[in-house]
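Heads up, the next two complexes both have chain A, just with different partners, chain B and then chain C.
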Partner chain A sequence: MALFAVLQTTFLLALLPLRTYQSEVLSEPLPLTPESLNVSINSTKQCMHLQWTVHNPDYHQEFKMVFQIQISRFKASNVIWLENYSTTVKRNQVLHWSWESELPLECAIHFVRMRTMVDDARIPAPRLWSNWSSWEKADAQNSLGDHPLYVFPKDKLVEEGSNVTVCYISMNHQDNISCYLEDVLIYGRQLDQNVWAFEFKNVSFIRKTGTNFYCKGQGDPEGVVLLVSKVLEEPKNFSCETQDLKTLTCTWDPGNDTGLIQLPSYTLFESFSGKKTLCKHRNRCDWQVTQDSQEMYNFTLVAENYFRKRSVSILFNLIHGVHPMAPYSLFPKSVSATNATVTWKVYSIGSKYMARVRCAYADHFWKWSELISQNFTTAEAAPSEAPDVWRDVTFVSGHPTVTLFWKPLSKVHANGKILFYNVVVENLDEPSSLKVLSVPAPANSTKVTLNQSSYQICVTAHNSVGPSPASTVAISGHPGNENVEEGRMNGTEDGFPMSWKPQSRNATGYVVEWCDSPQHLPCVLRWKNLGPTNTDTVISSGAFRPGVRYNFRIYEISTKRMAHLLEKKAGYLKELAPSYNPKVNMSNLTSHSFTLSWKDYPTESQTGFIQGYYVYLKSKTGEKCHRGFEKTFLTDNSVCCKYTIDNPDQKTFVVKDLQPESAYEFLVTPYTSAGEGPLDDFRKVTTPDEYSHILIHIILPMVFFVFVIMIICYLKSQWLKDKCYPDIPDPYKSSVLSLIKFKENPHITIMNVNDCVPDAIEVVNKPEGSKMQFVGTRKSPTETKGTKPAYLDLLPTEKNYSGPGPCICFENFTYNQAASDLGYCGHFPVTPQAPHCQLGPLTSPENLLKTLEQSYMNSLGEIPAGEANLNYVSQLASPMSGDRESPPTNPPEPALCSEYKMQMAIPLGLASPARSENSSLSSTALLDPREHCH
Partner chain B sequence: MRAQRMQRTLLSLVLRLLLLCTVATGKCSGKYHELLLQLQRQADLMQDPSTLLDPYIHLQGLHSPVLQEHCRERPGDFPSEDALWRLSRQDFLQTLNTTLGLILRMLSALQQDLPEAAHQQAEMNVRGFGNNIHCMAQLLRGSSDPKAAEPTQPGPGPTPLPPTPPSSTFQRKLRNCGFLRGYHRFMRTAGQVLRGWGERQGRSRRHSPCRALKRGARRTRPFPEIRRLAPRGQPPR
Partner chain C sequence: MKVLAAGVVPLLLVLHWKHGAGSPLPITPVNATCATRHPCPSNLMNQIRNQLGQLNSSANSLFILYYTAQGEPFPNNLDKLCSPNVTDFPPFHANGTEKARLVELYRIIAYLGASLGNITRDQKVLNPYAHGLHSKLSTTADVLRGLLSNVLCRLCSKYHVSHVDVTYGPDTSGKDVFQKKKLGCQLLGKYKQVIAVLAQAF
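== the complex of A and B ==
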């Protein structure tokens, strides 16, 4: 763990400079000089048009700039105009600016120059103007010919009351030039050596063909015509009426003529239907009443000319604006002395009339009498036209459910009050089956459930006299071909223009159906009947709204009145920017990436055709945008990186190359042709530490693994102990054997364990309590509790031994391999907390001694003795009591460990004598490792 | 009053119907003198500036002396007087016919720039004059003298085209003014030529002795014998 921590810290320190490098912020911009400044002149509009570019390699998105533009006349130093033009500039965008001159541009040479300054809050101050561009000359006189005299502007169109400046240019510097405005000699002011200007204020209308201004020198006169227009007046007395309920006639008083040959245009617009018509007359317009029984009309009359647009509106009820046609066939009948019956005919059937009668003497007419009036209603007649019927078929469990819709008959065709509608359903497969429904007026729909047969449905409208002609639709018992690919279209001001390809030559007509308010359920079904020769139409409705997706279905009607789906089309009257953003799910968050997905975002209910998505990413550090992203500025002037997904079907995105432990904000918004969705719902995310997941991936398994090992160890502790460190190690596996074998001492003697009877054991306590060793004897816990180490001395001891002498060092390679590696042998302290080992089968000291003796003797048999003055003593650390007087047969106490020490005696200067001396007695020696073990 | 108006209207209607009948049926008067006199009167009527030029000047505001001075006929717009006098009768009629076509096109272009009444009257005059020229040409072609159609002099040049409208409205006004002035001058000259046809009756085959003296040196062929030109009508003697 510690190692991991160290590595992590090191690595993070190494990454620190790299992160610092990536956290670059917007640097201070250099002033940008406009490039490719181009000046052109529009003589008709007296406009000077400037066009230029700004090349900015540092920014990819829009930023605000100010362009200071200077215009001089005749010479560069004569500045006549200074303007600051502020706009938002994109990289390499071509910019435009126009300036309208009071003086005709042909009258003088103009010079233009500009300089720029970045004026964006996101760009740090200071803000400096760039250098001025070089002067660009606009010289319209270059295009003049070789005439001696020119007058400008040509054919100027002005409104009455405005000001006009006219000039003349004398190319050969004539002095005797006289100028006239409508035969009146006038004087101007000299602008230049050969240029004179005349300013006319508050010009008035003189004649339709314009006001003449001309100058005359030595040659032919030159002049201009000022076309002065009177102010366009608002139409007055705007009203509409109808005589036959088929055609509306709207009239108005246009007011005074503007006086120009170009007459103002008059357009009649009706807001409920969304239709409009360009009027052929300046005081009257005809409007065709539609067949869909529209009674209310909201007309707006718009008068427009070059200068102005005027409009008036009225709300008109068709029924309230009837101007009846004059009665005809007026005949006196049954005239008696005091009674006269007069008959006449009227045009409208089933209508209420009011007759008024007044009299006068015909021979000597003087005055009319007072009027008397009487109301009456003409008799009804059967409706003259079949209702316009359409159907909507849905299949429920395989059975068609037909909803029939019909439009109410217009007053012209109803010929009275419609009382009910008859719906006759005929099963074509079973001619005897006939079903008749009577639907009372004013209902305009009914629902019929059918079975899987073919049906013919006839609908008639009835008034008190009789039925109308029948309108017939045929229904197939099976769903038609609905797998028609949906096309897209764009709406216009007039509605949705659409066209289709006929499938059959025998089509009797076409029907286009749609819902007026598709966003609201239930659908208000609309349809339009078209003749067999129509293959295109324009669907217009006052209910159409921008930002709503309308779905149109075009049917072809067969000779059997069966409708077959031809095409599907979807479109928007006008696309809008999306109103809301998809709900984005973030997943797979790592220190360098995360995944965004918005799978449930419905594109059909949007305010425009979704063309793709923008993924916005904001970072606190303002680091550079990653590959694929482009830098952009939001409305709050914050810097942001934007990625464009141009596939509307792609609804997942992986944000990569992020910095660990960094805070980001992201937003996914769709875009249509009208723009993108709202940018106000950024979500925050912080990337995790780069190594945390590594640690999680490594440390957790390790902890788990260790834990498992610990459990296994716990469960198999006895087995492990037996395998790894049994209570009594196998001497034949001791490394001392290899050492002995290496020495090959021929004089080596093997100490017989039986002969090696310890005769003395002395326990020496050393100050270091922590270094305590039990050798050859067993100490009781009370004895080992002290801090003095205990040593087992097996050699004859001399008190206060100081000189060189035999030193026996005990070493057990089995137990203390590390100690031997340190280069010295000595008494390795055994702490009182030495592991308590369970006694094995060799717990009996005698058996143990025997076994060990035999094994050891066998292993040492080949060691040559005498090469080193060594005595090898095999000593058994018996699990007996530390008291040598204690009987060896005492059973071991399980709480303490039996230890066997394989020891090597190293006689310093002495060899075999120890054998003789030690044969009878054993002595203990104090061995200080600091003094003797080197 | 009402009766008088009614009579006048009826008379006008009858005259128009007669004219239409003549045009529609294609029948021309076979009386040479009557036709010639009609042409002379029509030319006199059309040469009057008050029928077209003056209304135009008034409507366009070109009545100042400065502008009147520059409201001049441009050379080439119409055949010159000399050229007309040098033409044979057939060529003269052909030139007249061609020039009237040009005038009709110009009148059509000037519809917005002329008073409506003046424009309509001028157009009717030109069309009526053209019909009579057609009849006179037919009368002359009906003669057995093949020389009647032969030109005595080269024609007045290529068929004149309508003047190219200047780009400036002011210059266009002056240009149209000059054109209309030329139109009246041309009709005046045409009337003189036509009168010359009548003056030479019984004296000479040439239009005018005086003018013939002036231009006789250049003329290679006299006008054809009118008597021989109009076998169906009343040939001049």
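== the complex of A and C ==
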């Protein structure tokens, strides 16, 4: 015990510093010094750019840091700027920071240094600054040539009203330099021995070619041009109109010219379609109306220059913005004295018009008359263009079901009101088979079930005058090649750019098909027709939303108008972090592990391409992370371990190396390029005891087995009793027999009962008052007084006694053992030769067996079996239970021992107890020493 | 057979490759007899004199138009900002032979033509709305090209000079705006000065 106590104390002492070290690592991180600080200068923007890294081997996750940056000018001690830059830092991340100098960077040497401090709430105070990094020098003067005079900044862009500083560097200290701004002498301040600076506040615009500043000494004058820009104004009077319903013209007043050489850009963006165009003019922009019957337009005009961005929006209905072109072919007809008929023609963009007429005297024009107006409607004409048709083919029981879609014709091409669409289905394998469907407008789709033949379907739009040209699609009776590998792509602000490789040289065009809202069923099928020369396009739609997976199918159209699938592409306009976590099923919980599975999680319908999964594991003890896990901090500042599964198809994970009887919390969250799912659904699990499985797997079956055995024993008790402890034991099943066999004495056998044929049964009734003599008992003889045991003595049937001879007595010694334990026995066979009867060794079974063995060896060797006389003792010798017909006269008398004794051939000498004076033969029918029992 | 074609043909090509095998042949060999594409006009020298006179008459207005468009302080500091101290400007010796004077004239016109091209390019960026200046610069450049052609024709036809080494001024494309303005002004000041001498010399 003492040794154990010493070992335990030593172990705990060894653990204590380790634990202290761990807590120190977590609670008080060492300050991190920035590394690889690099300084560069952008002369155009007059910016100093810093780049550095922070190497932190202890943290694997993002954490907040503060970087204190010092900038000095001319010499390190002359600090001119101090700034704290806070950001979130990842491990080994390259950090950037820029500083715009008011003084041109070429005019002074700058020095930069920084220090860091971890500023994360998860890291407890105190927070310490690291050591300063060494000073890094930024010297732009190194790149200067050997000119005597330099003026900076070059070609500086400034906005009117802002401040700007100009400086010069004179390489000749003796030179007398004078500087001029637009021919006005300017006085500056000396910054260094050869550097002078000139600060201009609230600069104004002078001319488009810039404001000139120059300095002159003895040599060639040098100068700079400040490119001053007027403030960009918001566009005014933004409006759109159309003359032909094909092109929208948007105009605006851009305001004052900024005066810069670089003109501001004007971009027109339409939110419903998601399209945009860069305007070629600063006050006008043309927008091509598409064929998809879009009537409402939400335009945003964005004006942008180097300094500012201005925007203005309008919601515009195409029909409400029609500015008709001027009528033409105006002719007077049938001019009479009072009437004049005038005819003219109009450009047809609709059917309803309003004509207003006013008159003026032509010879000497003075004023127009009042207007009179009249509405009229032009006659319709047949639609001028075929509808844009596409199809969706599904195979049901091998039969193609075709859903035809078409886009409504624009007003320009409809030339009236479309009444219905005709769909003509022609079986190419059976030319005589023709099926015509008439679909009333404004329906834009119909479904046709076909056979396994090739079909050609023609769709025409009809108004009251006639049909439009036909649009044709061909359908094959068999599914095409759908086993095209799906590619991935990324969306941009403009939509989904995609390109493809043509399969056939004779393609007549390409069709890109997609669903606008794939998350909502049924799919709103969209398509875009492209010419045969196109192998790339950009699919844009106002319905595209971030975080939605869009699937595109690119078809090649053959000369027979058959569509063959070329490529499949899937992409997100913008990937988002997963919005929910998979439902995780936990199984195989043991004391050291459990299995997580989320096989039902659909990776295809998430808010981004699932790149893998994070398995978070929290333990109450906050123990060290297991192999493969990395320590991380959660938003609630708790520490947990994270395992990264970088295979999105792996949807099971076994958490190993757990502690028995420990509580854990786990979470499985997927991650995309935009981030991971929510971390607010941790599930708890407690590992069981290490031996609980033993209880389950071993003890319970054992209990069950014992229970079954007990039931069997109960049901078979009688049989069991007969087999195991019968009332009359079978000597052949005695354990002594095995002992005898062990000695391999073939001469020792158990006598068969049949060998001793009883010929008479004598019932001996001991007279009252007969005394029993118990060897070794402390009871007085009077205590046994009154007992009347009855014995059945099996005696020879005819002859009482055949003569003297050796006598062998059989006893069941199992009963003797009990008797010896009790210290007394009811009866013993008595032989005439007292010296041969020794009771002592028989009081214990071992002694008895030994004695038996020895005695048997001796006696049996001398006595032939056939000549032996037997003194047969009843096996029902118990005075209490054996003789039931003779109830005990003295019931309180102790039961003594059972009188059932193992039947065994015992030499008479051994079987005879030591005779004493008080011995009694009342319980046994004793034979005369000279008598022989048979 | 394919193996033979794939292995042997490239080997033969490599073995028979010589330096310049793929480069274009010079149109006019150095030692070849001078030949002009079109016959030179008979009054070639008069043409040259007239062109020089035309350039001389417009040089000052071009100069004024230029420095005015650059804004102050250029108009008031011509001596400092537009002084005609142009480095590497080809020399001209008025007392030389006609052939020598024509060769030197050729070099000067070539130099001026290239420099005027740079100025025109720069001013179209710096002064996108100075259409008068652009037009004047373009006209002057056109006349310079005609003059260069005539001088070459004269040299070729009379003196059988087919090749003249020329030099060009500095490229201003990488310089800042002030340098472009200043170099342009200096060049046009030099041009005004030189063209007067040339007009006088022929």
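Here is the rule we go by: the second predicted complex is superposed on the first by the 662 of 934 C-alpha atoms of A that agree within 3 Å, B and C clash if a C-alpha of one lies under 4 Å from a C-alpha of the other, contacts with A are read in each partner's own complex, and residues count from 1 in each chain.
The rule is short, and it goes like this: a residue touches a chain if its C-beta (ideal position, glycine included) is under 8 Å from a C-beta of that chain, and two chains touch if they have at least 3 such contacts.
What you see is a predicted model, and the numbers here were worked out from it, not measured in a lab.
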{"item": "Which of chain B and chain C A:478 touches, first, second, both or neither", "value": "neither"}
{"item": "Partner chain(s) touched by A:697 [first = chain B, second = chain C, both, neither]", "value": "neither"}
{"item": "Partner chain in contact with A:684 - chain B first, chain C second, else both or neither", "value": "neither"}
{"item": "Partner chain in contact with A:620 - chain B first, chain C second, else both or neither", "value": "neither"}
{"item": "Overlap of chain C and chain B interfaces on chain A (superposed complexes)", "value": "151, 154-155, 180, 182-183, 206-212, 214, 216, 221-225, 227, 261"}
{"item": "Interfacial residue positions of chain A with respect to chain C in the complex", "value": "151, 154-155, 180, 182-183, 206-212, 214, 216, 221-225, 227, 261"}
{"item": "Complex interface listing, chain B residues touching chain A", "value": "59-64, 66-67, 70, 112-113, 167-171, 173-174"}
{"item": "Of all residues in chain C, those that touch chain A in their complex", "value": "69-74, 76-77, 80-81, 125-129, 176-178, 181-182"}
{"item": "For the chain A and chain B complex, residues of the former touching the latter", "value": "151, 154-155, 180, 182-183, 206-212, 214, 216, 220-225, 227, 261"}
